[in-house]
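In the two assemblies presented below, chain A is common to both, partnered first by chain B and then by chain C.
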Partner chain A sequence: MKNSAFLHFLTLLLFKQKSKHLGAILISMIIIFLLSSVLFISSSLQQSLLGTLDEQPDFTVSRVEAGRAVNTPVEWIDRITEINGVSKVTGRIYGRYYFAPREKSFLIVGIDFFDEQNSRTLKELVDGIDLKVFLSTPNMLVGEGVRKYLNAHYYKESFSFKTPQGSFKKVNIYKTLPEQTKLIANDMILMPIDLAREIFGISEDEVTDITFNVPNDAEWDNIVAKLHLLFYDVRVVEKREVRKAYENLYNYKGGLFLILYLITIVTFMLILYQRYSMVYSSERKEIGILRAVGWSIKDVLKLKFYETVVVVLVSFVLGVVLAYLYVFIWNAPLLSQIFLGGANLPNKVQFVPVIHFGILGSIFLFYAVPFLAAVLIPAWKIAVTPPKEAML
Partner chain B sequence: MSVITVLAAGMLLHYITYDGRKQESGLSRLTGLTGFSSPSLSVAYYEPRLFLYDEKTNPAYPQMQPIDKMDLIYEK
Partner chain C sequence: MVTLENVHKIYNEGTPQAFDALRSIDLHIDRGETVILSGVSGSGKSTLLSLIAALDKPSSGKIVVNGELISKLPDLHASAYRARQIGVVFQHFNLLEDLNVEENVIVPLVHAGLPLATILQMAQKSMRSAAIEHKAGQPVNRLSGGEKQRCAIARALVHDPELILCDEPTANLDRANSLKFIAMLEMLHGMGKTMIVATHDPLFEALSFVSRVIHMEDGEIVNSEQQ
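Up next, the complex of A and B:
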């Protein structure tokens, strides 16, 4: 019964002082919302990208000249194939095509569709594709962003690429790549490897880079050493480096986000300090009356503690839920541009829901502990003074 | 309070029932086909588009560390 009276009083107090708590709830909610949104976007991107790594080749080799990557000789493919333990050695043709009039660029990737595995994967990826029809004329598959961009500029059926020789190569838009691949393929154009070669003006004895797999992980370091012995002008990118880059995709231990976090937390603490250290006379009076009618210091602190816990929980849950809706239902407009950029083709990605409950818990602790301290310490200071003085 | 409970329950329900396999398989197939897993960053032409592959240098100061605005977001 004693408890229910206490709860009744607590509820009455919360509703009576609604306007006082609404401000604190609103500010806290916005901070939690922003922190959680950033966390949700980064976790989702990280998980989606790490999931694709199994399909990525283990090594990528390219020739460097004066520190810059240049086209790689095709004969390197045969020399790499001779290394023991190496499999699936493939030359790639890719590059960015700059559409000068609008200062936009596309990523063109040439694929060897006569390769059995590639043609099988393409059939699985694009529903209803007829490879015979696709390869019979110059055709390309475009990402969602490219399609929208070309449509908006009246290239509805085909696009004419300008080759380095100054001639134009008209390529038909065959199909759009599935929408669920937008995270990687938004600005991508897939076309037969010979067509890509023609558009970039890359000769038959060159490729952009060479990829290969080494099924035995223990051999990886050995293979890198052999590559460096074979070629002096080589740059090797390993899959484990790419994995590391994705694991650090969103680096909250350093850089811009650390600064943002610090600013947010310090601002929040300052607001709380200002809000609660200047205890209003009404609050002093309220604590004084409670003490005068026989409440102990413990009871007063208990009341303030529960009052604050309600405010903390409501703002935290609301902040997290709104962040979830914002990111995973509305696809994070504006904020997603920080992660995906906005200088080229706009990319609106559907984020796959990923929640790291451990990090959410840490945010809750970082937020709740200073909040409770900022409320309870001033309340305790008043509670320990005699009621007569507190009410003055 | 009931509104908050309903919102939180709705969020958990969406999280549990969401099927992201279609997107995952689509991305994996595309990576298998192209060999690229780098996100489609909407960057200007002079900024790196592919993680670890594109290294742009300043032609006037080749020794200077290249920096683009995405470096602030993604660790290199």
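Up next, the complex of A and C:
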């Protein structure tokens, strides 16, 4: 129980001088809260996007003319299928459909639902879908954002698309895509490939692009090389490139906040340092008194260290817990728009809780070490001056 | 008990603002003596006390307390010396304003390695000796000058030091409280404590329990009167 007197005194000081610590706790908490919120949002979005990406095909190829993407010949499907190691080759029709009343566009994706993999994925994605019924009449599945826009214009049951020939194609709204796909499917319309072909006026011998899988990822580079040998005008997009692009996008946004955080933390530490260094501060006198009644420099620094550790831990835990509630329970109002604001249609996403303890540990270190230094260095400077001077 | 040999203290040494605060101080105080250091402000009384308390170091000369050379002590030992052997009562009390009386009194014992219960018992005893026990839970920023003084005395006595140093102890007190303080000094003298009091208060001039009054002027001892 040698330390019980010290703990008693430490607790006393923390409670009795709470007004002195509250300001530091509050500011630190806000900084930690903001940074943790940003990291929670970016980690959650990344995780969701990458999770969605896992379901996507490994490769997407399309034809380019003068560097511009054009429709891809259907006969490419057969030629790609012949490459060893390639599986599930399928053509897609997609494109943006301009919705004039709102000056927004929807992403129409045409899928071959007769393909076994596609139909299975759809059944997994949309609970209780009856493919027979879905394919028997012109039907579509719409994202949450699309549904809202159509509803607002009283297209509650169906919508008539204008084809390039000037005719209208009425398509029924079969169902809304599930909540968990909102991040990427908010502005998406899924429909049978032939229906999409009709709406975009794409001929039978063309598709927008072709997707396929290569189960052995050691072969990916070979496959890319073979594709370039096979087609002089091909553009190949690998899933790993898309993954990297997603990661970079959110790392970039998170990185901007990290810079802001570092600037804020440096400013705050300078303020703290100045406060603790002030010649006539009460801190100075307090240290002088402690030294005068027999405390050594080590004793003073021990007190200041633990006092600061408590302040740092309390503000860190409060900041992180608040950020967790703000992002994962209250869905990050305002801040989420910085990450989702660039989307085509306004989007509200339910963030899936993802916590990277490594990142949290880094935040803690980036915050705790400068904080401790900002308090302990001036405290040490005062402690080494003769107590008589410090008490003045 | 306390011996000073040729002690000099120069502030801002080696600069154009160098100032001789103490010059060639030779002094010996025996155990149980109560010594008054008198003199006008700036005569060097407080500087002399701060050197004996190891709150500052002399520019040259030797200070020996209880056989220990304290003028050359490194920080850790100087702190231990202050924590165990001396109690200091400052002119401006130097209390921790956010804490109450009892909490201020235990401050010197926080690092003594004693159980908290023992420390609190020692604080009770000390507050009783300084007649401030009834204000134990009162925050010191709500105490009168006299009460603050008694709190400072309780803090100085809590570790039962042999040597008590008082720097202008009545400078911030009215006459009634000054007399109470003197009565307390007499009680401590009766307990066998060695005391050095730096003051220019005339109330201290003819006290029966005071063994010597040492007059200081411009950093020098000009006169030492046995009582």
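We take it that the second predicted complex is superposed on the first by the 362 of 392 C-alpha atoms of A that agree within 3 Å, B and C clash if a C-alpha of one lies under 4 Å from a C-alpha of the other, contacts with A are read in each partner's own complex, and residues count from 1 in each chain.
Heads up, the rule we're going with is that a residue touches a chain if its C-beta (ideal position, glycine included) is under 8 Å from a C-beta of that chain, and two chains touch if they have at least 3 such contacts.
It should be emphasised that the depicted structure is a prediction, and the values quoted were computed from it without experimental measurement.
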Contacts of A:Ile193 with chain B and chain C, given as first, second, both or neither: neither
Contacts of A:Ile25 with chain B and chain C, given as first, second, both or neither: neither
Which superposed partner A:Glu286 touches (first chain B, second chain C, both, neither): second
Chain B versus chain C as contact partner of A:Ile93, first or second or both or neither: neither
Which partner reaches more residues of chain A (counting touched residues only), chain B or chain C: B
Which of chain B and chain C A:Glu103 touches, first, second, both or neither: first
Partner chain in contact with A:Ile297 - chain B first, chain C second, else both or neither: second
Touching both chain B and chain C, residues of chain A: none
Chain C residues touching chain A - in the complex, by the definition given at the top: 50, 53, 55-57, 75-76, 79-80, 82-84, 88, 90, 94-99, 103, 106-116, 119, 155, 159
Contact set on chain A toward chain B in their complex: 45, 48-49, 51-57, 60, 62, 67-69, 90, 92, 94, 96, 98, 103, 105, 107, 109, 111, 117-118, 121-122, 124-125, 143, 145, 177-178, 180-188, 190, 209, 211, 237, 241-242, 245-246, 248-251, 254-257, 314, 317-318, 320-321, 324-325, 328-329, 337-347, 350, 352-353, 355
Chain C-touching residues of chain A, taken from the complex the two chains share: 1-2, 4-6, 8-9, 12-13, 16-17, 282, 285-286, 288-299, 384, 386-388, 391
In the complex with chain A, residue positions of chain B that touch it: 1, 4, 7-8, 10-11, 14-15, 18, 20, 22-24, 26-45, 47, 49-53, 55, 57, 62, 69-70, 72-76
